[in-house]
Structure formats: structure tokens, C-alpha cells
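As written, the chain order gives the labels A, B, C and D, with residue 1 at the start of each chain.
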Amino acid sequence: MTPLLEVQGLSKSFGGLHALSDVSFDVAAGEIFAVIGPNGAGKTTLFNCLAGAAAPTSGTIRLGGERIDGRAPHEICHRGLARTFQLVKPFRGMTVLENVKVAAFSRHPSAKQATTAAQAVLDRVGMAELAAVDAETLNVAQLRQLEIARALATQPQLLLLDEMLAGLTATESAAMCERIRQLPREGIAVIVVEHSIPVVTSLCSRAVVLCFGKVLRRGATREVIADPRVQEAYLGNAQT
Amino acid sequence: MSSFRTVTMVTAVLLVVFAAVSGNRYYLDIFIFTCFYGTLAVCWNMMAGLTGLMSLGHALFVGLGAYSVAWGVSVHGWSPLVTWPMGMGLAVAAAFVIGMLCFRYGLRGYFFAIATLAFGEVAFFMVSATETLGRSDGMIMPISSTDIPGQLQFFEKWPYALIIMTILIGTIGVGEALMRSRTGYYWRALRDNEQAAEALGVNARAFKLRCFMLSAGISALCGAFYANYVAFVDPRSVLGVELSIQMLVYSIVGGMSLLWGPLVGAAVLVPFSILLRDYSAMPGGDIVVYAVLLAVLALLLPQGIAGWFVSKWRT
Amino acid sequence: MSLDIFLQAIVSGLANAAMYALIAVGLTLVFGVMRIINFAHGEFLMIAMYAGYFAWSLLGIDPIVAIVLVTPVLMILGTLLYSGVMRFALRVPEINQMAVTLGLSMLFQHLALVAFTGDNMLVTQARAVAGVELGPVVVQVNQLIACGISMALLATLYLVLQRTDFGLIMRAVAQSRDGAALSGIDVTGVYKWAMAVGIGTLGVAGPLLVSILYVNPHVGALFTLKAFVIVILGGLGNFTGALLGALIVGLAESIAGAWFSASVAAAVPFVILILILLTRPEGLMNRSRRA
Amino acid sequence: MLAQLAVALAAAFFASAHAAEPLKIGVLAPITGATAADGARLVKAHQLAVKEINAGGGIAGLEGAKVELLIADTQSKPEVGRHAAERLIARDEVSALLGAWASAVTMPSMQVAERYRTPFIVTSAVTDSITERNLQFVFRVSPKGSWAARDVGSFINYLRGKGVAIDKVALAYEDGPFGQAVSKGYKKGLPAQGIHIVGEETFRTGSPDMSTQAAKLKATGADLLLIVCYVDDEVVLLRALAAQRYKPRVLGYGGGHVHPTLLQLGPMVEGAFGIVEWMPDLKKAATEHFAEAYQAAYGEMPLSNAAQAYAATWAIALAADAGRSRDPIKLRDSLRALRLDSGPASLLPNDALAFDAAGQNNVGNVISQVIGGRFVTIWPEAVAGQSLRLAH
């Protein structure tokens, strides 16, 4: 079976700076996959390339066997890849429901259907009671939930989550992890960027480690974490 | 408020005002210009306030509409049935080209504003140099001593008032319907965070372009109306930067986050400045009051009169 | 067109560019530090021109000498503008700031009309009609003087911004308001100084310009839009960008004016602006922030 | 608003009951805005005429009705002028309109007058098309811009007759409504009179530098330079010419060229010619009277546009007198029949102030020269205050 996402030889440079060089990995349907690495390793650039916000300098990205590299973000979204952002900013002047509706419109052009779909997503993530609330008044945990709800409303096959746990309390983190764990059961594969090693180990079966834009190690999460080079990269990073 | 209710409210208010002033040509003239500037400000703000695209070259589209009518009737005797659609078509096409260029190359904020201004200025100077368009002198359109409805020539003002009211109500109606549809949601999402919107499946370029073309088309419609009403067009009146800036001013004062906010701005400022001018003893007194009022309102009511009113009304 | 005329157009363009640059740097400086575009910039130029004119007509002071008097006055006006208006304008959205400064511009124009009438006032000195021949090219003496002083001032400003602590602080605030505040910089003080310097440069430009041109209440408006175009062309808030922008606009106007009718020539700087923005969407000297 | 309407109606009722209700004349003038200085002078002239009319017992044909001026500020903006015309006609019910200085403001305003069938006398705008559109209610006391070519041509031939060699003529004009209108006439009219135009330079109003234009003009080697622009630009151009050490004879067009600002340039403009609609030293009885009265009232010499405003005001009053009616349509008919070969309205340099079928006053221009730091009329000799000075 072909993997859901196939990244081969992906490189991205800004001027002389190589943010990513020759990155390859693949993600299977229904899998939770981790991208880890110290700060500045190129994780966000990788996400930008996958989601179409930046065009890769070379290499290919295939989603469900079709090439998506260099495509516009909205096309990639329509093909079933959704993402969240590290800095969550809701659309101002809109309620929670309306925020999700923006995303739901990608599958349901009529306003009525989009509303129904958005409501269904809010139910699914347990935010139904916040539907009419002005999105700007939400707290961090709620904003993260909203971010996931918006991404889900585009009905993705693959969801990219960028540091969804940063700044959350322990309880909130646990709830969020639980939420993420359910996604494969709903038929959605997930790629997470995450700093916390325990979270990654508990969530993800496989992982890729980036360091200075290169793949340091790729494989089953436990083996990857145990790799001394990975340890060093992280520790080295922790010391600075 | 549902879209239907907004349109009904606007229509009702317009009809009441129209009924109150319809007996007096002088007040009707003020009413007509209030509607004219109000429509322009509303369609300008569809871009600036609702989609986040500040254009300083909107006069270009007004000018295309106005000059299509003036040129069509003075040179060929064409009816408004031909020239109005022609003006709108030209404006929409111009917006398409300018939009494609600007959005393709990622112009935003002040840079988009100044690029549109540059296009507007180029048009201004080109018309000023074109013999068939009367150069800087502009074009005097024929006026007949009898009404010619087919050429939109009326002695009385109420037919003009009805036409511009229809355009205004239509603009508000279309705008409200769009604001409640996918398009409106996408516009607001683009205004706020283009990157996030694109990730959620919004084709940014297409929807910005759609907004630009709609706004340009309505501006041209207003321009065409202006030409028929005033029966004279010249570059400074319909292509100058001042006209674009007026749209900005009414929008800020009225409130840019609401579709009908700019209409409130025009409804306050246009009659206010005219009446002040007509009744104040000191020449230029209106300029002082207008300038100070503009600065103070922009500072103290950043959300505009309509925005302030709505927030008070909600709480 | 002969070569001589072409050279004349280039030299005149350069002379104009020097004045434009002097006017535009103030605008870009204020924008760089405060992120406000001041549409009343030209009206402060107009005030400086009147000041230069009255120094000459009432006190008999040569406009070049009057710079020394007018500049401090304009600097004080700049700080007053900050404390009176801009301080509050910082709290409202960009587009509202534009409206505020537009209002100021209308107000100043009208007050000048009331105070000085609409008639043109001229500084008439013997050297106003004198020219210097540089080969086939003639430069008016006053333009040459204005050009020289302008370039000297621009160089000084450049050194101040690049080499001194004051310049460093200005640039720090320009880069990040919050970052600068966190590292203990008195941001309000910097704003005040930015306005003082930004408007103060007009104190130099005004007397120079009035000796070349004339002054009336609407003369500033002729330069506001031009300065705005120059500043955008170079990249908002970028000092060297403004110089480059002024050079392009000055030369384009002058060379196009030698070829085409004035209306067509007037469109040329705008065409260039469009072409440049399409290739450099954030101006010549600013790197696009988008990846 | 309704209350105001009621007051207005009541006022109208009572007024019409009164016998000697004043004749209301609306004046559109730029009192603020870019051309405010000119507006102020126009208003003075209108007021002087009204003062004289009323002091002379008002309008006899209207039972001694006084003239009431309603002055509206156009702010030098077309849309403001247009609305002011609406207000004066609809709200104030004036019998006629006068104005409105620049062509750009005049044209939309006169369209209002045409639509509402109220006579509009254009006092100073020069765009030819104003009286070429078959408008029924528009009259003009000022000459068409293109007519300047006719007079300049005759003047050049006059100079040639005096032994002045004028072989090459160059043109420099402001590329806006004003300059375009007049230069178009020159370009068409002068070659027809055997005068060769060797060069043509244009500039936008407000240009800070005209060295290139000056250099190009110098390169043409023209011995007469025809300038059409406002006085601000003329100063910049003349200085640039002087810097080039190029001193052709200069002939500027319009009120801008007999403007006091120009005299501030001193020796540089000595000897310069101007073609202008009127001069205060014209040898005509009405001119002498007006110049004296204006100077006595305001302490300054009137400019050409003031004379036009003055003549237009008198023309309306005399037309109302002749037709014994203040009704706009009857007033229009009286204006058409008007022929004023004497009296205050005859101060312009033609035999009689009269409007042809198109509403145009067939009036020529005169040529002025700066002699001894003053503007004096030197041509046509019949009305000239002094004779031509050729020291060059």
C-alpha cells in the first residue's frame, strides 16, 4: 500500500541559508507521526512546505500518491491536508462557530450546510457550548481547541499539528493528547511537532528527528529517542 | 441582524428621508450626493474594511464609468443602456488586470494602496492628455430643454434620487448577501490572517480579485450616474486622488468593520459639510470644522460612528 | 533630442532629487520609528517656507542663513505635533492615523490661507536669476546651493543614524518597539526626537525651497504625494531607500519631461513605481518579509 | 427641514407681496482653496458694481429694486461650485448666476444653470467649448481662449511693422485646462497668419524646476516666447530662462501675466508683454471710471478679471431693467438683446458688450507691457495708455 504522505529529498533554502536539506520520510494512513528536533531545526519550514505556504526548492511531496509540492495552500487543503499554527490567532470579529464555518466552507459552499458542518465539528471537539462566543475572548486552551476544530472542519486525511501543547496546564495537555489520540480512529493521520519527549513517546508510533535542516534519525519513536545523537542534539540544545 | 433586515432598514430610512426632502430641489441635491458618496464609500470599504485591501486609486473606476457615459453620449450619442454596462465592464476588466498584477506579486498594506494610487494617477494624466476625452478641460455633455428619459435627462431631481437610491440599496443588498455567504466569510478571514485563511482552503487571490472587481464595478456604476446627473466630467472631479481619499474618510468616520458603516459616515459628513458651508457666515469655516472633526473622530472613535453605536447597542 | 538637453535633464533631475530626498527622509524617518505616515508633512514644509520668506522679507535675512532660525522652530513644532496629536494617534489603527494627519493637513492649509492670503510670495534675490554653466548645462545658483546643503544634511543624518548611540537607539525602536522598551530605552523620548528630526529636516528644506520656488498655502500639498511615492518606492522607513527613491523620481520626471508632453511625463514616475513594486513588493531597499 | 421649508415658503410669499423686492444675483467665486486670492478680487468687483447700481436708485425697470448679491464660495473645487449653483438657484431663487473663475468649476456649475433655465454669465473662464455647446442660458463676457491667437497674430504683425524681427515663435504652457485651451488656439491660429511656431514646451502646474524646458526653448532660438500659465509657474519659468541667459521677448497670456506677483521679479520682467482681456489704463471712459472707483474703494488696482466681473454684474442689472423682469427666462431673452456701447458695462476693449447667438461676447484682448515696473497697455493703439517700448 502506498503511504498517505511521501516526502522525498525535500530541500528549502532562503538565499544562502539551507533551512531543509534532503529530507525524506513517509506517513501511513491512520498513523500519528512526530517531527522532533531542537529549535531552528526546520520543523516549521517543513510544515510550511507540506502545507504549501512555502514552495520547496527541490524534492517531492506526495499526498495519497499525487504530488502536492509547490501547489497553493488552498489546493492542498482541498486535497485533504490541514494544519494548525504555532501562534493561534482566531479571525477577529467572528464567533467560535463562524471561525469554524470559514473552514467548513471548503467542503460546503452553501452557508446553511457549512453551519451544520461547523456545528457538528464543534460537537465533536466538545466546544458546542462556546459556539456563540466571540472568539477573541477564548483562553489559550480553548484557542487551541478552536484551531483543531477549524482544521477538522476542512475534513482532512492528514492533520499537521504545530506545538499544540505549548503553554497548556497538565490537565489541559492530557485532554489535548486524548483528543489527538482519537483522530486516527476518525480516519485522520496526524503529524505533530512537539518538544516534550514523554508526550511524543506516548502519542506517536514513529518519528523523524531534524537537526539543522537535515534528517538525523528516522524510525520507531522509542528507537529514535534512544539514539545518542538525538540525545546530544537535544541536550546540546537544552544547555544553551 | 439578518441581511434582509439591514436592507429593509436602509431602504426605510432612505425612503423617509427622500419623502421629507423630495419637495425641495436643494435638499434633494444634497440627498443625491450623500447617496452617491455613500455608495462609493460602502463599495470601497468592501475592500478596505471587510477584505483588508486599502485602495487609493478607486477614482480610476469611477472615472471609467463617468467617461464611458460622457464619451459615449457626446461622441456617438449612445444611450445609457450601452454606456453604463460599458463603463462597468471596463472597470471590472481594469480591476481584474490591476488585481492580478498586485496579488500575483504579493502587494499588501500601504504598498497595495500606493500601487492602486499609481494606476489611478496614470489614468488621470493619460486622460488629461487625450484629445477625444477633452483633455484637462473635461467633457460637457449635451443638455436638452425637455426631459429625455432614454438619456437620463430630467428637469426634476427625484428620478435621479430614485436611481442612486436603487444603486445604493442594491449595493447594500448584494453586500449583505455576500457577507452571509462563503464569500463574505472568506473576505473577513483574508483581512485578518491571510496565511491561516489559505490553510483553511481559501483561494486568497481569487477571492481578493472577486472583491476588487465587484467594488470596481459598483464604483463605475456610481461614476456613470455622476456623469448623467452632473452632465459634465473632468479628470479632477472623477479621476483625482481627492475622490479616493473621500471614500477613505467616510469609511473611517462611519466605521470600517460594518458593511453599512461607511454609509453612516457619508450620511453624517456630506450633509454636515454642505450645510455648514451654506449657512456659516465665515467662508472656509466648514473646512476648519470638518478637518478638526475628522481628526478628532479618527482619534476618539476608532471603530467609527456605526461601530460605536453597534457596540453600545449590544451591551 | 540633443545630448545637451539630455545632460541638462539629468542635472536638473539630480538637483530636484536632492530636494525631494531632503523632504522625503523626514517622512520615512517618522514612519520608521513610529509607523505613522504623516499626510501633513507637506504642510510643515509650507510653514517652513513661510518662515523662510518672512525671515527674508521682514528681517532681511538670507534664506540660507534663515535655516539656522527656522530649523529649531520646526523641531519644536515636531515635538508639539507629537505631544499634541501623534501620541494619541499611536493608539488607533493605521488607517485612522492617515485620517488624523489628513485632517491636520486641511486645517493647516486653511489657516495659512486665512493668515497669509492665497497670493504667492517670492524671495527675490539677485542670485535667484543667476545660472552657473557646467559645460553645456546650466544650473541655477539657488538650486546648486540647495542641492549642496541638502546633500550635506543628508550625509550628516546618515552618519548620525549609523554611527551614534542616538542613531542606534532610533534604529532599535524602529525594529522593535517592545524590544527597545524592554531593554530600558525611553521609547516616548525617542518618538519625540524622531518627530523633531523628521519635521526639523523641513526647517532646512523650507527656506531653500522658497528661494527657488514661491510660497502659497497649497505649495506643501505639491510635495506630500511625491514624498509619499518616494518613501514607498524606497521601502517604508528605510533611509537609503528614500534617497534612492528621490533619485529615481527626480530623474524620471526630468528626463520624461524632456521627451513627452507634461501630462504624459507626469505619469512616468507612477509607471516606474508600479513596475518597481511588482518586482519588489515592499520597496527597493526592504527585503520581502514573506518567505 | 420641514420647518425651514415653511419659513422659506413664507418668506417667498411675503417678498412677492412687496413691490421692490431685490433682484437676486448669485456669484460663484473661489473664496477659499487654491485660487482664493483671485476670488477675493472678483468679489470686490461684483460688490462695487452692486454698490453703484443701488446708489443710483436701483433698477428703474423693476420699480427701483435693489440688487442683492448672494456670494457662494466654490473652494476652487468643481463639486463645491456645482452644489453652490444648485443652492443659489433652488433655495435662494436667484435670477441669474455669475462666475465661477476657473473653467473646471464653471462648467459643472453652468450645466446646473442650463438645466434649471437660469442665465449664467461666465466672467473669466476661457475654455472655448463653453459657448460652443449650443447652451441656451450660458453667456460669456470673457473671450474664448483660442481668440488670443487672433490678437497675438495681429500684434506680431504690428511689431513687424515697427521693424521688430520676429521670425520664430515658441510656446510654453501649463498642461492643464487653462494652458491647453489657449495653446490649442495658438497652434491653430498663428500658422494661419504666417507665424511659424518652432517649439512647444509643457509643464504641470507646480513644477519645482523648469531648467530642461528652458534649455529646450533656448535651443529653438525663438525670438518671441508665448507663455500660458498661472503666475506661480511663470515665475519659475522666467527664472530658469534667465539662468540660461536666454532673453527672448516674452508674451504671457491672461490675468496671470498682469499679476502683481510678477512685478516682484523686477528688472527681469521689464519689457515683457502680456495679452490680457482688460487693463486699468485702457482709454475708455468706463474703464477710467471703474479703475478710479475700485482704487478708491479698495486701495489697489483692479485686475482684468475684476473688470469682467464688474461688467457682468452691470449687464445683468441692465438686462433686468430693459426687460422689466426678474424672471430668469425673460432675463435670458433680455441678455440676448443687450447691446451696451456706453455706460459702466462697456469697459471691456470692444465696441459694445453684446452676446451673440451662442452667448459669446465678441471681445478681443489687449497687449500690455511692463514699463518702468508697471503694467501699461500698449496695443491696440486706439485704447493704449502708452506706446510700445522696444529697448531690448
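Here, a contact is a pair of C-beta atoms (placed from the backbone, for glycine too) under 8 Å apart; a residue touches a chain by one contact, two chains touch by 3 or more.
This is a predicted model, so every value here is computed, not measured.
Student: Which chain has its Cα centroid closest to the overall Cα centroid?
Tutor: Central chain: B.
Student: Write down the chain pair with more C-beta contact pairs when B-D is set against A-B.
Tutor: Spelling it out, more C-beta pairs touch across B-D than across the other pair.
Student: What's the distance between the Cα centroids of chain A and chain C, rounded to whole Å?
Tutor: Each chain reduced to its C-alpha mean, chain A and chain C end up 48 Å apart.
Student: Per the centroid of Cα atoms for each chain, what is the distance between chain B and chain D, given in Å?
Tutor: 36
Student: Report, in whole Å, the distance between the mean C-alpha point of chain A and the mean C-alpha point of chain D.
Tutor: 75
Student: Taking each chain's centre as the mean position of its Cα atoms, how many Å separate chain A from chain B?
Tutor: 43
Student: Could you tell me which residues belong to chain B and also touch two or more other chains?
Tutor: Correct list: 128-129, 135-136, 284, 287.
Student: Residues of chain A that contact two or more other chains, please.
Tutor: Expected reply: 53.
Student: Return the residues of chain D touching two or more other chains; collapse runs of consecutive numbers into ranges.
Tutor: Correct list: 32, 175.
Student: Give the list of chain A residues in touch with chain B in this complex.
Tutor: For this pair, the touching residues of chain A are 51-53, 72-75, 77-78, 82-83, 85, 89, 91-94, 98, 101-103, 105-106, 109-111, 114, 150-151, 153-154.
Student: Which stretch or stretches of chain C touch chain B in the complex?
Tutor: Going through chain C, the ones touching chain B are 37, 85, 88-89, 91-100, 102-107, 110-111, 113-114, 225, 228-229, 232, 236, 261, 263-264, 266-267, 270-271, 273-274, 277-279, 281-283, 288, 290.
Student: Taking the touch rule as given, give the residues of chain C at its contact with chain D in the complex, in rising order.
Tutor: Residue positions touching the partner: 1-2, 4-5, 8-9, 11-12, 15-16, 19, 110, 113, 117-120, 122, 124, 128-131, 137-141, 143, 209, 212-214, 216-219, 222, 254, 257-258, 261-263, 265-266.
Student: So in the complex, which bits of chain B are touching chain D?
Tutor: Contact set of chain B toward chain D: 20-21, 23-27, 29-30, 33, 128-129, 134-138, 140-143, 145, 155, 230-232, 234, 236-237, 274, 277-278, 283-284, 287.
Student: Spell out the residues on chain B that touch chain C in their complex, using ranges where they run on.
Tutor: 48, 54, 101-102, 105-111, 114-115, 117-119, 121-122, 124-126, 128-129, 135-136, 241, 245, 248-249, 252-253, 256, 284, 287-288, 290-299, 302
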